[in-house]
Amino acid sequence: IEQLQMRDSLRMYNALVETCFKDCVDTFRRKTLDKQEESCVRRCAEKFLKHSMRVGMRFAELNQGVATPD
Amino acid sequence: MAAAKDVRSELEKEMMFGMAEKEMEYRVELFNRLTHVCFEKCIDKRHKEGELNMGENSCIDRCVSKYWQVTNIVGGMLGTQQTPM
Amino acid sequence: IEQLQMRDSLRMYNALVETCFKDCVDTFRRKTLDKQEESCVRRCAEKFLKHSMRVGMRFAELNQGVATPD
Amino acid sequence: MAAAKDVRSELEKEMMFGMAEKEMEYRVELFNRLTHVCFEKCIDKRHKEGELNMGENSCIDRCVSKYWQVTNIVGGMLGTQQTPM
Amino acid sequence: IEQLQMRDSLRMYNALVETCFKDCVDTFRRKTLDKQEESCVRRCAEKFLKHSMRVGMRFAELNQGVATPD
Amino acid sequence: MAAAKDVRSELEKEMMFGMAEKEMEYRVELFNRLTHVCFEKCIDKRHKEGELNMGENSCIDRCVSKYWQVTNIVGGMLGTQQTPM
């Protein structure tokens, strides 16, 4: 199970990189990120982490059968 | 006699462990897909800020809740008695 | 191999849920599915299962080298 | 002598078993991708009915058949003698 | 690690087939590929292999910390 | 004493081997995703030729380089000291 969690976190890392790369990088005229792309990546990664923590919390609640109003 | 029983219970333990592992793998995959889908459905792709705004936060909560309902509906259709978890 | 099949069926289940969720759910003003979304999910799941059975049959035929006219 | 031979055949068995498992995994993945792609290409996303109509059914058959051909073409280009299965 | 590489190459094969099928095949009026679809698949597969070799080379350089001008 | 030490070093070896395997799996997955994304971003989907043209080749190089940078930025944010590889 520990191995699964580790594999999971590595996969999450890969998924985060792919998602933020796709969302933020679209031009290939230079081989380094420009300022705008870099800050987009940082904000995207931040949001991805917060998002996945929130999903994790809601998911855990549902797993435990906690009912919440609409 | 005792030995045979031991072997059987060993096997059972292994099978149950194997099933628990599959179950775990299934949950991990479910969580990953859910995370991915709700990110796509709820988060503005331009990433103008590093914070989730209120609209995004409530979208996430509802997205998780609806996704959960879909797993229950499909689970019911496939004739599994248990809840998906 | 049994383990693979079991893993496969769990993955299929996950794939079905993801596909039908994506096709049928697009608004997040409430936290429960409305009638229309729910019946879309049911029809989608039914079709997905029939589809994947049909794919399985055709796939098995091709594996066995059964030739069929156009 | 006999022992060494035994070990070798044990190893061979294991390797063949390992390859059979990979082969199996490959087939499972092929089937999953095929199912996914043909669902996308053939099935109307609005899901107005729970039945596949005639057009969808024949689309599925042709989709599987064409996908199969593509695996054969690619297999040939990669210089594998066997058919992909 | 050998097993991983083998699994990797099988996965690559599956990814190649899926990518080129998606890019080249869009009509399902017949059950065999027409000439145009077939040559599209061949060119696509060629490009995919060359592409993935190039990615592999660049990736290896970055792994070894080889700096290259823009 | 010596035996306990042996067991410990055995365990350590196994753990390191396990981690090396995960690391390897991670690299393989990274490579696969990278290959897929850059194919999508750089290669013309009509596939009129079997050769990569100059524009596609330099796009690939830059795509790999930028993807690499993104893994480094994210790695830094997650507080891992090492480079992603």
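Every chain is named by a letter (A, B, C, D, E and F) in the order it is written, and numbering of its residues begins at 1.
One rule holds in what follows: contacts are C-beta pairs under 8 Å (C-beta built on N, C-alpha and C of every residue); 3 or more make two chains touch, one makes a residue touch a chain.
On a predicted model such as this, the values are computed, not experimentally measured, just so you know.
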Over-half contact-pair match to C-D, picked out of the listed pairs B-C, A-F or A-B: A-B
From chain B, the most remote chain by mean C-alpha position: E
Whole-Å separation of chain centres (CA-atom averages), chain B against chain E: 31
Rounded Å distance, chain E centre to chain F centre (Cα mean): 17
Chain centre separation (chain C, chain E; CA means) in Å: 26
Junction residues of chain B - those touching two or more other chains: 25, 42, 61, 65
Sequence positions of chain C contacting 2 or more other chains: 11, 20, 24, 30-32, 42, 46
Footprint of chain E on chain D - complex, ascending: 18-19, 22, 25-26, 29-30, 33, 37, 41-42, 58-59, 61-63, 65-67, 69-71, 73-75, 77-78
Chain E-touching residues of chain F, taken from the complex the two chains share: 21, 24-25, 28, 31-32, 34-36, 38-39, 42-43, 45-52, 56-57, 60-61, 64-65, 68, 85
Partner chain D, residues of chain C touching it in the complex: 1, 4, 8, 11-12, 15, 19-20, 23-24, 40, 42-44, 46-48, 50-52, 54-56, 58-59, 62-63
Chain A - residues contacting chain F, complex: 3, 6-7, 10-11, 13-14, 16-18, 20-22, 24-26, 28-33, 37-38, 41-42, 45-46
